[in-house]
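A short write-up of the structure that comes next.
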Amino acid sequence: MADIVFWIISALTVMSAAFVVLNNQLVYSAVALLFTLFGTAGLYVFLWADFIAGIQILVYVGGILVLVIFGIMLTNKIKSVRISHKSMQQGVGGVVIFWFFIFLFLALTKAPWVVTEAIEPVGTVRGIGILLLTDYLLPFEIISVLLLGALIGAAVLSRGDS
Amino acid sequence: MENILSLLIWIPILGAIIVACLPRDNENLVRYISAAITGLEFIVAIVLWRAFDPVNGSMQFMERYEWIPSLNISYILGVDGLSLPMVLLTAMLFFIGVFVSWNIKKAVKGYFALYLLLNAGVLGVFLSLDFFLFYIFWEVMLLPMYFLIGMWGGPQREYAAIKFFLYTLFGSVLMLIGILGLYFTCGKTFDILLIMERAPEALNGVLWWGMSAAKVIWVLLFIGFAIKVPVFPFHTWLPLAHVEAPTAISVLLAGILLKLGVYGIIRVNYGIMPDQVYWFAAGLAFLGLVNVIWGGLCALAQTDLKKLVAYSSINHMGYSLIGIAAVVAAGEMNGSDLKAAQAGLSGAVFQMFNHGTISAMLFILVGVVYERAHHRDIDGFGGLASQMPIYTGITALAFFAGLGLPGFSGFVSEAMCFIGAFPVFKAIVVLSTIGILLNAAYFLWAFQRVFFGELNEKYKDMKEINGLELFTVIPLAIITLFFGIYPGPYLDLIKATMDQIIEKIAFAASYGVM
Amino acid sequence: MNSLDSYLFISSMLFCLGLFGVITRRNAIAVLMGVELILNAANINFVAFSKFNGMNLDGHIFALLVIVLAAAEAAVALAIIINIYNNMNTVNIDDVSELKR
Amino acid sequence: MTNLQSLEFFIPEIILVITILACLITDLFLKKSKTDLIGWILGIGLVIVGLSVYNLSSVPPTTLFLDMIVIDPFSSYMKIIIIISTLLIIVASWANNELSKYRKGEYFTLIGIMVVGLFLMTSSIDIIMLYVSIEVVSIMSFVLAGYLKLNTRSNEAGLKYVIYGAFSSGVMLFGLSLVFGLTGSTNYFVIQEAISSIDSSANPALIMALLMIFAGFGYKISSVPFHFWTPDVYEGAPTTITAYLSVAPKAAGFAMIIRFFHQVFSDSIALSGNAMGYTDLPWPEIIGILAVVTMTLGNLVAIQQESIKRMLAYSSIAHAGYMMLALPVLSIDAVESIMIYLFVYIFMNLGAFFIVIIVKNKTGGETFDEYDGLGWKMPIVGALMTLFMLSLTGLPPTAGFVGKLYIFKTLVGAGNDFLWLVVAGGINSVISLYYYFHVVKVMFLSGKRSDKLSYPPSLMLGLIIFTAVPSLVLGLYWNPLANWVKESLVFYSQGM
Amino acid sequence: MIENPMILFPLLILFLPLLSFIIVIFFGNKLPRQGDWVAVGSIVTTFLLACYLFLQMFLNYDPDFSHGASFSWINLGEFKINLGILVDNLTIVMLLIVTLVSSCTHIFSLAYMKGDIRYNRYFAYLGLFTFSMNGIVLADNLISMYMSWELVGVSSYLLIGHWFEKDSAANASKKAFLTNRVGDIGFFIGIMLLYSAVGAFAFNPIFESIAGGQAIAGTTLTIAGLGIFMGAVGKSSQFPLHIWLPDAMEGPTPVSALMHAATMVAAGVYMCVRLFPIFTPSALIVIAYIGAITAILAALIAVSQNDIKKVLAYSTVSQLGFMILAVGTGVYTAAFFHLLTHAMFKANLFYCSGSVIHSMHHALHKAHDHDTDPQDMRNMGGFKDKMPITYFSMLVSTLAIAGVPLFSGFLSKDAILAGTLSFAQHHPEHFLLPFFGFLAAALTAFYMFRLIFMTFHGNPNIKSIVKNIHESPKEMTSPIVLLGSLSFFIFYTLPHNFNPMKDKGWFTDLIVPRNSAVPGSLTSNEIAEYAHHAHYLAMGLSLIVASIGILLAYLMYQKKVISAKNISEKFGFFYDWSLNKFYFDENYNRYLYQPFLRLAHTISWLDWEFYDKYFINGFGKLTKLLSTVSGKFDYSGIDQGFVDGFGRASNTVGKLLRNVQTGRLQNYLLFVVAGILVIIIAQAF
């Protein structure tokens, strides 16, 4: 059962991702991206990463995707949702990327990944929390500086002065 | 006396700074100060010459200061019989050149500041005994030259300037690689004398790209110097640069800068890799032959007087190359023919000096007529001999000196080059004697077209050569004549050093692999 | 089933699709979407490696930070886009001189 | 070292963050015309930071924050380079007319934040830290590149920068994830150990990862083929930011690359002498080829630029290529040569950009037409520009030559495998002469003597003289620099 | 050393003319009479000094009389050049010739060149010439001989080009110099060959070492000898380099007399005589043939020339051929003897022709006739009574050159012919040599008398000028008389012999042939012996051929019994060839000069228009092309064009976003991905 769900989610993720890059209507792509992101979150659940899955939905779907759609809407004087945009070199690109995928996947499957058995934890929040305040304190703090900067930057750029 | 060599280098640098600080509207002041500085320089050079001990063939007046210890770079200067005549020639030609440039009107201050900087660069190359220092001076010459050609030159000056620059830079980059190669193989030092000591052993058996490193380095350095000489096929910057440069700069280009190439080959290639001389000498002689014939033929076909003189420089430097190739006669396999080696090498070094004076004279004289007629088309004159007898006389003298007439110094050195190279490179020397005929042909033909025949009506008011111009030419003419009649003083000056070089090369034959 | 390889398959699939998007799309926002796919692919990797390496939470931290960074990036991108929007509107209307230059 | 213990050695960054906050707060109370004051605050703060960096440069190398970053002389050296260039940029920003329409408070604040990121780039030894610091720098750069809100070109620069920045960091991230998967750690030293003992079946994945990671690195130092953002961003961004992007992130990027390749992809003996040690991965060859392609492309394309700013953008690509030449060798000499090159590069490149600012302030343009006869109208600017061009070409007796000398020396000394790189580098210097001297030609060779001489404002004059002096003096006497670099050539490594 | 008059006087003889040159060229204009007195004074002094030397030699009467002195000119340790002088009988006789003819020329020129615009320079150049000629004569080594050799060429260049306004003069001077240079190249190669083998430049060590047979022998020596002989070919105007001498007649006539008849052109012969010991038998054969061919060729040309100076010029070439022939056949003292006698009578012939031309010139000037050529014999005739001194003097010299007994030419020519004949007797395969010799002798008699008859006898061809023809001034007639009288045999057979048929005299006593240094050659005694045997036969033959020549000329040009016109028409082909000098100039021009110039132009074109333009600049162009290509690839050039106008960022935001990526960037990425793919495949799988 779990496998079936896994495969369904995987298929959903990949197919909607394909839709994102292949569809000619920008808004449709954005919506397809939503499904991909949801699918990814589902995969995180399968990977016992409940916290990350939540963050994925909160930040990605709730934040980033909205921003993207907002951007699309804002920059195209929308009269309909069909904002077409063209692609290029799909043929050659497709062939190259296909082979790239083949070899990438081959390389990845052949590689000796570090594998250790583990049991499913009750939740990862606690562990992540501890790590963030011990081992990864510095990145965590720096991220805050970064967010501050991004905030200032976004504010500067979008404020309508001068 | 201790630091006389530094004095030689720093006087013009300080002079350049002084000139740059002068008010830009007082042009005459700039000229007088430049003349004074180069004059002082000339005096110092003469003092150096008087104090020089010709019996001692090694470096004299050595100065050595730590500079960049982390790379083993030092400030080392020294002078020997090879560089001293060149220093004298440089000081003299730069002094004379100030008067040749007297009529420069555009940005006088900039001109003379760059001029003095060039002076420092040239002297630095002749005097420095540390590769880094050598290279710096080598490159320092480029920038003033670029501006001097590019700003004060003829119609195609910008093209000529950048071409000169690119050509030379290409050579110097290769040279830099060669120098770095030596730096590493010879124990991380830039000290030329130290490298000379260590190189034959250190380079033995080292391979670069599967080739003997010594050979690769030789070729890299050689190309760097060959472009300056210029050796065919690296010569095409020269006619252009000479034609476009203002007169004084052509004088210096031909008179001194070309000598740097041959000087470099003797000092660096010969000094550091004497064993490889045997490997390359035939090629060198052959290139000399090509220079002689190719330059001569090209000169014959020119219609621009200055270009003719420029190609004649290519032709004349060919003799020098043949001369330096002759040094292999001293090797065992060539019968240890010391007299041929001496004749060839000394002849080549003598030829450097002589071409310096003669071509300087030629360019000054071309400049004189250009100043009056504003063109240099050989066929556009005619009959000037009746209008300007003194000018004609001096030009005749210069042309005869150029075509290697006995009684002028050029003859002595060319003959020595030939005589020296003959035992080893019979065919090449015999073929290059055609050059003697070519010399005569292009000079006399040009002379005839410019000076003989009926006077061209356009120039019936042309002014005779004036006192200032005479002042710039006469000393050169006197030197040319003096050394033509009695070359002894010059040859005595260089003899000991030449003997050292020959001895070294002769010795290298015993361990060098062909 | 449900092995590391299957996650790697999905992540490399997403990565390649993202790459494809970046390579083929002409629209800036569409390219940005391709980039998001790539980030997601990487995140799947991190989390997957985390799980299969004895629940090593380093990967989770990494993924978390990536998500945050992606958000910041998107915010800045959007700010720039909005700025362009503002700018264009004004420029379009009155600043003809700059067009003529 | 634990987080608390680390704070003692983290003082520079802490001071920096405090300065940033001070900037931010002060900005709230200032009128637009007074925002130059923020520059003063940031500048003074940076000076203090610099002093404390200098103060810490002699402490024994150690890791901080539980193996997140290190403090060692190498990072201190790079930090000082970054501080010097930032200070110069701050001063130049006061005089840059492009910015006069905007508030500069946020501008300086963002630069401050960027410096934090750059500091961390030079010192991180954990791939998470690496990624975060790169992102800090990138995101600040995006904003700064698009800072001229009213200028479409600047907007465009920002947009392009964002998109390609995100793309590159995404690809890098994927590569990092593979490394994480293969080694199970994010710490450099653990990764290094794991890689040195890894099965050869990992090679395809490792190469894949390496190439992807290099996408991120290459993007930061604008190496081909990740340079594509450079011309447009450099051209569109405010000139001060262009100048800044061409030096500081590049320096930090090289620091990061050196550290990464040293401590991840090579043996621990790599830095102990001239001997090179690396795994059997072909990364030296790959980087060597990329270096040659980078400088060749940079030089070739620079030839046909009509805008000097754009030409300098390509020239900075070429310079990245020169520095990359030394990367495959990665001996002590190689790192030394890159460090020296970076130091001299700051001055000559910033000097050139400052002159672009002067000319743009005066004429409003940055194409070659604006430079026509400049040497006659503004002799000092012309002369100094010539000096910078000389130095960028790498001709003695300028600092640029010393940089090239060290690079070439490294390559010649490294032996046969690298000789072709020297030849390529040499030929490229010759090519570069052509376009650098195109500027000189335009400035001096055309145009006539003008009776009215003009001089730049004293602030800019001071700046270009300040950059010109090292550009010349370091070409003649760089022994102190060489010694300092030698002293700074100490990396933290696991064995210590 | 220097106190010894046998050293000091030669040195004075050498340098006095140089001093005169320096004074006159620099200060001539400021001196009274433009300084001609300086030149004349110095040269007469040298003549007197030469007379003193001659007297010394004569009193000594020692065939081995020899003095020498040298100084170190170049000393590099191993490589040394000592320059010095060698004074022996040969030198002294030659010095006497040079100074005598030179003095005469100076005096003659006082009148002849009066009023010339470059009067002082003319005398200065004469001084330079005399200096360099004396240098050749006195040289004791190859280097100083070569140096003087070239300097002689230069003075010749300057003097031929004295009237450089005329293109023909300018061309002639250049031609003379360049042709000489061709010979000089050979000379120099010969010097190098000798030096590289022997290690010395001075004559005596070279002879010794050749005699040793170790250092150099066989073919090498032959080549060296022929190389040195090349110098003589050029200077003495031998076939095939004889073309310059007739053209050199563009110079003033006294110059022709001095240089292009008596001394400079004889320098080649002098050198051959001086260096005779180094020539191998095979080299000598070549030399002999060159001489014989030159003699006959020039004589054949001379018979049809109408320009009085051209006839004399070709006659000179022919006589020089005789001398070279004599050298080649081994009787080189005969060659020198002929040099001596020829110098006297040929100089005189030129003075006489100068005198004639001078008066023609004046006459034409008076008649305001500027079209008539004053040198064309067809315009002359009947001058005998108007210019008696000139006529008689010229007649005497003509008799001498024709080889009539009682005159000097008979003695020397006879000696040469005897030598040639005996050579052919011993080497029958070389029968052509005497044949050419005798035929040339006959032709000489013929064309010289043709000249006499056409100029002085018969009726005036242009009556209007004859009345204005009169004898030249004393400055001109006195040298004519002096040299004319020196054409009598008696001056050469003193002090023992008064028999005009025998050449024995001081000359043969003092100038004795030396053995060749080449091992295996005939000794001088053997050669003399053989020649002696052939003496009477040769004398007879030469008398016969001379009579035939004179008679023929008499019949054709005096009596006009035989019509010259008829003959020339009958032998039209030969006449054409002779008149046009066997088309040497034309062929040289077509097959030598023009191709050479074309080669020069081609090379120059190659160098400048091709090599530099396409190859060197090709690198630049290639770089630019690459730059364009990579620029296009890296960034669309079209975009570049719009960059400054921000047209690319066109007016809607959407468009900006859409176009923000140019396709190039994505191409890039594609390449990158493909590149990575390749690397992966290559490296990892």
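Labels A, B, C, D and E are assigned to the chains in the order they are written; within every chain, residues are numbered from 1.
Simple rule for what comes next: a contact is a pair of C-beta atoms (placed from the backbone, for glycine too) under 8 Å apart; a residue touches a chain by one contact, two chains touch by 3 or more.
Owing to the predicted nature of the structure, the values given are computational and were not obtained by experimental measurement.
With steps allowed only between chains in touch, the distance from chain A over to chain D comes to 1. When every chain is reduced to the mean of its C-alpha atoms, the one closest to the centre of the whole protein set is B.
When the interfaces A-C and D-E are ranked by how many C-beta pairs touch across them, A-C comes first. Chain D and chain E, compared by their mean Cα positions, are separated by 76 Å. Distance between chain centres (mean CA atoms), chain A to chain E: 99 Å. Inter-chain centre distance (chain B to chain D, centres taken as mean C-alpha positions): 43 Å.
Remark: chain C and chain E have CA centroids separated by 94 Å (rounded to whole angstrom). Shown for chain D are the residues that touch two or more other chains, namely 128, 132, 135, 139, 142-143, 146, 149-150, 152, 155-156, 158-159, 163, 178, 181, 184, 204, 207-208, 434. Residue positions of chain C touching 2 or more other chains: 15, 18-19, 22-29, 31-32, 34, 43, 48-49, 53, 56, 58, 61, 65, 69-70, 72-73, 76-77, 79-81, 83-86, 88, 91. Residues of chain B in contact with two or more other chains: 166. In summary, the structure contains touching chain pairs A-C, A-D, A-E, B-D, B-E, C-D, C-E, D-E. The touching residues of chain E, counted against chain C in their complex, run 644-647, 651-653, 656-661, 663, 666, 669-670, 673.
Interface of chain D with chain E (complex): residues 152-153, 155-156, 159-160, 163-164, 203-204, 207-208, 211, 215, 225-226, 228, 231, 235, 282, 286, 296-297, 300-301, 303-307, 310, 367, 431, 434. Residue ranges of chain A in contact with chain D, taken from their complex: 103-104, 106-108, 110-114, 116, 134-139, 142-143, 145-146, 148-150, 152-157, 161-162. Note for the complex: chain C touches chain D at residues 11, 15, 18-19, 22, 28, 31-32, 34-35, 38-39, 41-43, 45-46, 48-49, 53, 56, 58-59, 61-62, 65-66, 69-70, 72-73, 76-77, 79-81, 83-84, 86-88, 90-91.
Interface residues of chain E facing chain B in the complex, by the touch rule stated above, are 25, 72-80, 143, 146-148, 150-151, 154, 157, 161, 164-165, 167, 169-171, 173-174, 177-178, 181-182, 184-185, 188-189, 191-193, 195-196, 199, 597, 599-601, 603-605, 607-608, 611-612, 616, 620.
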